[in-house]
Structure formats: structure tokens, C-alpha cells
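Each of the next two complexes has chain A plus one other chain: chain B in the first, chain C in the second.
Up next, the complex of A and B:
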């Protein structure tokens, strides 16, 4: 490895370690907050199918395209067993 | 002699940590877990962009290290000095070699191989429903104890270094502002960080200039008064949405943690030139005072996270394992971060051992040692007042950031336990949060922070023992080499149960004999710091408070012993079954 590449790799590693130590926890917490809001959004739109008719079908169908990209991840999260040891970071 | 200065232990320790990383961890990695860079990890299999997504090993290393670094490795070595610096040093080294990284690394790998499951579901899967419920109950008491120990330490440090409270206040205000700037005003991270660092520095200067009130001017039990603002801050942190206070505070606190660790490491390594000497005896006694107990088991639960900690298994399986990009990253993330944490413990030990001989082991003395170690390089005697507040704030910040996270964790655990029962009000977010910080005050009223610390250390390491044995059990079901985890697990389980039993005995003794007669005929409380409580409520109040701690100790011991029985039964059960590819 040339000296320039080594220095570049070292700088990248140090930047990433600093990011991980300082910000990654914060980013994870924000993402989780967003996840909970997404859950509410999907529940609102697909509530009919689950027995919670929150929105009239007309509005649900209008909003459906915005929910579809998240359905797969949402399904996985709902099927996955969650435990109290999962919630240390929110 | 190189061991006349902290240079000796620090240099030798770093050499051993590096050797461990490049030899033993690599050997276990290849022999036991055989990581395959082509095998998809949960981060890829279940990618959802929230919990499961691949993250660079450097980012995860930084995250893991910051998440596991708390007050334990800073304060623990000071308590271990009861037996001299050599036993403390040897335990840090021994744990770094054979135990600490084994838990963190193996917990991550186990979770990666079990679809990113966290500690609770894995315990359920391997041991059954009852041990999982026991674990849940255990965690509740563990959180109480960790809250008690950390609150106690923060209050005593703030009482001795009042300036650190004002610095903490500035930190909290800066955290709120940081959250607003990042999430409401959407300012760039670099700008926000620079503003936060400047505000943090101003906070240290304010703390130095406004070091008020002076120690000992707040009455006979001054540290108890500090609980009021501290608990108010912690309750706010636990109730508010995380991006409002907790996560920005953790983020900013990193800019205290990182420089402090670097300064301590540099100060230790440079001590051979600066001439800062080791003033603590290498070995004092095997049998410490009755309240502390003998070297075994007390030493092995005192250093806490600086050697091994059960909290790490929760972090490792709670988030880190879900974001591992490739299996070959587990070793640098799990083992690397833990060995770095051992270094934090080692540098803290270096700060403790330069204190003048005979200095009492008290949390408030750590900044004095840190200043002695670092001031010859960083500003000399003129900088000592600023450095004192900086290191006191470092301790306080480390404790408070973790306490806010624990407050939330406690609240969720309470909701989990009590929802749907007749006591569901205990799971209410406000009731649970307040209870989580007020109940620990009952421990604090014992006045003996060392005993509370040893209780906390015992439960913390016991949790680590559970994690090690769960890993051992999993490997045993696959008929793989499990002894590297099972033997440390058995050692930790035995040691911590002995430590909890000893401390329970101490509190039971204090319950039965709450006051003792001094040689001059006057009466004194069993724990000297209980004098204000004795004046306030008499011996009955002392007995009541000590009985509370005794009952807690008994509960912890029973849960630990029951878990040991479940582990033995599980090993016997799996021994009768053929090797599995996936445990049932």
C-alpha cells in the first residue's frame, strides 16, 4: 500500500470511528422514532384490513402508494419477536 | 524501575491487550466461530434501514466502545485499591486476556448466527420461558442497583466538585440546543458540533470559576441534596423523546470522554519523563475490611466494566449485532472495543495509584489523581483547577448519560412486566420513571457507596456470567469448543454469587446491629455515613433501610442461584441430545 493510500485509509477509519462513537447512537434513535411513526402511518392506511377502519377507503387508496415501499420492512418488523432487551436504544 | 511510575503498568497493559487481540482472539475466531465473509448477516437478510442495515466496522467499533464506556472502569479500579494496585492490575489483565472480550465478541457472534436476536429471546430459545422471566426480573433489580450506584457516585462527586454540576447543567442545555439545531433548524452537523464543543468548553470554565457551594457547606449529609436536581434532570431525560435530550447529550459527552481517555493515556505513558510516581502499595491485604470482604470475591466485582460487564451483552445483542456487515467484522468490533475499554480501566487505575498514600478511596478523589497524572503535560499547576473540573465533569457526564438511557430502559421493562396486570399503573411512563430514580435513593440512604457499588458490581458481573454461559451452551449444542466461554462463565457465576452473598451478609449484620458502641462509649451507626439518618429516625430507621438492601441481596442471590440450576439442567439436557445445527 502506498503512503498516500495508507494515510487516506487511516483518515477514513478515524472519521468513521468518531462518527460511530459520537453520532451513530443518535442516528439509530432517530431512525427508530421514524420507524414508530411509520408504523402508525401504515396502521392508519391498512387499518381496514386489520379491523381498525381509521380512514375511509378512498383516502387509504390515495395514500397507499406512499406506504407500499415500506410494507416489506414493516411486515418483517411486525413478525419479528421483540423483547425488552431490544429497546435499550429506544 | 519502570513500575515506580504508571508508565510500567500502562505500557505492559497495552502490549498485552495488543498481543491478545492479534493472537488469542484470532485463534478463537478461526477455531470456534469460523467467520465466513460470504455468509449473509442479519443486517443484509433483514435490512429495514432502521435496526437492520450494514454498517462499516469502524463505525460499529466506535459505537460499541462509546456505548460500553461508563463509570465502571473509572471508579472501579479505585475500590480495587483496597487490596493494592497489583491485584487490580492483574485482574484487569486477566480479564482482558480471557474473559472480557470473550463475552462481548461471543455475544455479538451468537446474535449474528441467531438472526440478530437479542439477549432475551436467545435465553428463551436455549433455556426456556422461566429463565427468561427470571432474567427479566433480574434486569429490573440490576437497573435499580446500577441507578443507585451511579446516582450515589454522581452526588458525591458533585458535592466535592460543585463546579461539575454547573458544567453538567451547561451540558444539558447544550444538548437541548444541539437537538434543536440538528432536528428543527436542520443545521449541518459540523457547525452544530463546533458550537456544542465551544459551549462545552465554556461550561468547564463556568464550573471552574463558579465552584459553588464549597464542600461541606450544605449540612450534615450534603450529597443527598444534590439528588433533587439530578433526579429532575434524569426524569426529564427518560420521559422526553430521545432526540430532545438523551441522544444529543450522549453525542456531546463524547467530546469529553475521548479527550479525557487520551489525556490519561498520554499522562500515564509520559509519567516516566514527568516523574509522577506510584504512591499506592502494590499489595496490602487479602482480607479487606468486613464491609468490603476478602480479595476473592470483592476484587472481581469491583472494577466492573473495566474488566467485564453484563451491560455489554445487552448492547452487543441489542443493536450492534443487527448491523454487522460481514462476519469477519465481529472480532474488531466486539473484541476490539472491549480491549479498548480495558484500556480505559487501566488508565483510570493509573490515575488512582498516583494519589498520595493513605488517600481515602472516594469517587471525589479520582479528579485529583487524574490532575496529578496529566497536569505536568497539559498546562502544569496553573491548569490544575480547570483540569479538576474537567475530570470531575468527565465522571459526572459518563454517569448521567448512561443513567438517562437506563431510565428509559427501566421504564420499558416496567411496562413489559406490569402491563395487563392489576398493577398496570406501575408501568405508566411517569410512575415507572420516577420510581426508577427514587427507589435507588433507599439504597443511597445506607450511606455506604462502596457496598452499593459492590452490589452493583456483583449483579453486573453476574449478568456477564449468564451471557458467557448462554454462549457456552449454544456452542455446546453444536458440539463446538465451548470451554473458552463456559469456564469464564462458571468463574463469574461463582464469584459474583459469593460477592452478593457477602454483601447481603454485611447488610444483614447492619440490620441486626444498626448501631455499634465506640470505645469511648458513644453510639455510632454501622455505616459511618448513616449518622444523619440515625439522628433523624433512630436505630429503627437504620434497620429498615438496611433490611431493604438485605432483601434485595437475597432476591438477587436466589435469582442467580436459580439461573445456575437452569444452566446445569440445560447442559445435561443438551448432552443427551445429538449435535444440532440449530438448537431447538
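Up next, the complex of A and C:
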């Protein structure tokens, strides 16, 4: 996936997830959405690890400590999904 | 027409950040050091900061200041030559320690450690570390004037545009983080809990953003910063300068003026040496082109000295021309 396409799917996801959650108004849906946002965030910080250099490494390292617990599960998940939008829409 | 940098930089309400841009070896470091010294003599508290790994400020001030933090080389004149290698090394260790502390670990998970170590090898790391140090000094605001001695043109500009890229990324991250926080709030409301935990990441992001925007604000504000181009009276330098002016325009920076360095003195004209008088005549024809193309943009001229200007005495000599404008051209 190109960087441009990644960014546009990110933007789309951000607007659509908020709409979706308001509609459902359920804890589980909210938590699920929350998890997807977390995935996006980690992708932005650690994109480098997967060959998507997104944030310059100096500042991504500063945020890395917060992402540590998610790295393994998340890497696995990212490689399993066909496309990043699948990660978002589950 | 303004002549000499005194009226541009050292006046009341003048810029607080000055950067000399230009090709390699034309006199950026010499101009930066001379202006910084003149400003200190004019009772301003000055920081002259070098982004150059070549330790050129140590050389020109004839003091070993490399990696030593802020060193006062004359009253009110502080000089920093950053050791980017050491800064990156310390930063990496800090990140690792942070991970160990946060999760009470003895060892960092190997794949994380490998990732951290691999990022050290990236040249962008050193650039960012230097850049971060510059932004830090500016954000702290301890000085009346900051003179940043940048690497040759291309790199210098890239470092400046990096500020914009970084700021917009930090903004995007903050946006995602704020969304996450919103969802935390919704979830805890639905569950009837109260959300207490501050989002540390959000705080971290805001800190980075504040630092970066201090820098971009300085850069973009005409009243806060002044960019000068250094050139020499040679046709090649004329072409480079024309291109640089375009580049400046395209990234939205305005130029405070052009400094013409290494100008052959007038008495070369009547030199008995045909070689020297020929060189002088050649310079005269380039000068006509410069006047025609850049005219009023040229704000100071520094003669070619018989030896490299070094030490405070040498810099005072340079400053007479650069700052007080004793050499007039047209």
C-alpha cells in the first residue's frame, strides 16, 4: 500500500469510526473502535518496523515505550490482514 | 538602502534568530561567528550554535568547545557545537531505560532492542537530534539572539523544512490520540466509571509539538528571524544564489539580504602582477552582473583577507565589514 493511500484510508477510518460508534452506542462497539484507533496509532509510530517509515525516527523512538506491550500482537495482526483497511474495519 | 547588518539585526526590536545560508566554504561560519561576536559587544546575550559535525566553531574561536554544551567564549557570547553522535547515543539509552522502568524489565525484548539499535544507523537520526537541540534552545528562550550556523545550502534548507513535516505529523498523531481518549471517555461513561488516567502519550505529543512550533513560528515570522545568503563574486556563485532564491521563495521564507564575501580589494586593480589585475577585472564584470541581478538585496561586502580570519581579533575585523558596512560597493 502506498503512503498516500495509507493516509487517506486512515483519514476515512477516523471519520467513519466515530459515526459508527455513535450509532451503536454500545460498550463493546466503542471498545472495539478504541482498539482500532490504538492500532492506527502504533502503525504511525512503528511503521518503520514494517517498511513504512512514517514519523522521523527520533520522535517515534520517544513514543516507542508506550507501544511496547502491543508490538508483538500487532505485528502479527498487521501481516495477517490483506490490507490496512481490513485492520480498521475488522 | 541598508548597508551592514547592524541596522537589520542589532536594532531595537530586531530578529532573534539569524541564519546564514549558502554553498559550502563561502563564509557561513565566519559570518555567523562575526555577527555573534558583534552582537555580544553590543550587549546582547548571544548563542552561536553550530550544526556542523566538523567542529568549525572550535576552529574559528580557537577553543575546544565540541560537545561541551554552552561555552562562554567572550562576555555575553555563548557558543555550542553539538556532538550529535553522543546526543543520539544518550537518547537511545534513555529510551531503553524508560522501557525497562515502565514495565519493570531486566532486559528489553530482543525485537524491540534490535529495532531501536537499527534506527541509530539512520542519518536522519543525527539531523533530528541536532534539530531537536536547536528547537530546545529556542523554546527555552534564554538568549536575546540566536545565530545558527547551518551546513551547506541543501542540507540546511532540508533541516528547516523538516520542522514543517514534523509538526504536521505530530498534529496527526495528536488527533488520533485525542480520538482514542474520546472513546475511553465514552466507554467509561457507558460503564458508569470515571476516567482518571491522564493520557501520558498525549502530554508527550503536546510537548513535542510546542517545541516544534516555537521553531516554526520563529522561522516564518519576518520580525523574529532573518535569513541571509552568503555568496562570492564569481559567476558560479551568482547562478547558485539565483537558484537558492527560488528555493527560498518556494518554501515561503523571505530573505533579509545577501552578504558578498571574499571580495578582492580595489588596490588589486593596479597590481603589477598581471595575474592579480586580471582576476580583479574579472571580478569587476561579475560585480556588474550581481548589481544588476541582486542590487538592493546585497547588504554587506567582506573583503578577501590575506589570511583566514580566526579568533576574536579576526572576527572583529570581519564584523567591521559585515556588521558596520565599512566596505561600500556601489
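Operating definition for what follows: the second predicted complex is superposed on the first by the 47 of 90 C-alpha atoms of A that agree within 3 Å, B and C clash if a C-alpha of one lies under 4 Å from a C-alpha of the other, contacts with A are read in each partner's own complex, and residues count from 1 in each chain.
Throughout what follows, a residue touches a chain if its C-beta (ideal position, glycine included) is under 8 Å from a C-beta of that chain, and two chains touch if they have at least 3 such contacts.
Since we're looking at a predicted model, the values are computed, not measured.
Enquirer: For A:33, using the defined touch cut-off, is the partner it touches chain B, chain C, both, or neither? Pick first, second, both or neither.
Expert: both
Enquirer: Who does A:54 touch here: chain B (first), chain C (second), both, or neither?
Expert: Touch partner of A:54: chain C, not chain B.
Enquirer: Identify the overlap between the chain B-contacting and the chain C-contacting residues of chain A.
Expert: Overlap of chain B and chain C footprints on chain A: residues 17-18, 21, 25-26, 30-31, 33-34.
Enquirer: Can you check the complex and tell me which residues of chain A touch chain C?
Expert: It is residues 14, 17-18, 21, 25-27, 30-31, 33-34, 37-38, 40-41, 44-46, 48-49, 54-66, 68-69, 71-72 of chain A that touch chain C.
Enquirer: Enumerate the contact residues on chain B facing chain A in the complex.
Expert: Where chain B meets chain A, its residues are 46-51, 55-56, 58-67, 117-121, 136, 139, 183, 189, 193, 241-243, 246-248, 250-251, 254-255, 258, 314-315, 317-319, 405, 408-409, 412-413, 416.
Enquirer: Over in the complex, which chain A residues touch chain B? Could you list them?
Expert: 12-13, 16-26, 28-35, 73, 76-77, 80-81, 83-90
Enquirer: Quick one: in the complex, what on chain C touches chain A?
Expert: 91-92, 95, 98-99, 102-103, 109, 111-112, 115-116, 119, 122, 124-125, 128-129, 132, 162, 165-166, 169-170, 172-173, 175-177, 179-180, 182-184, 186-187, 190-191, 200-201, 204-205, 208
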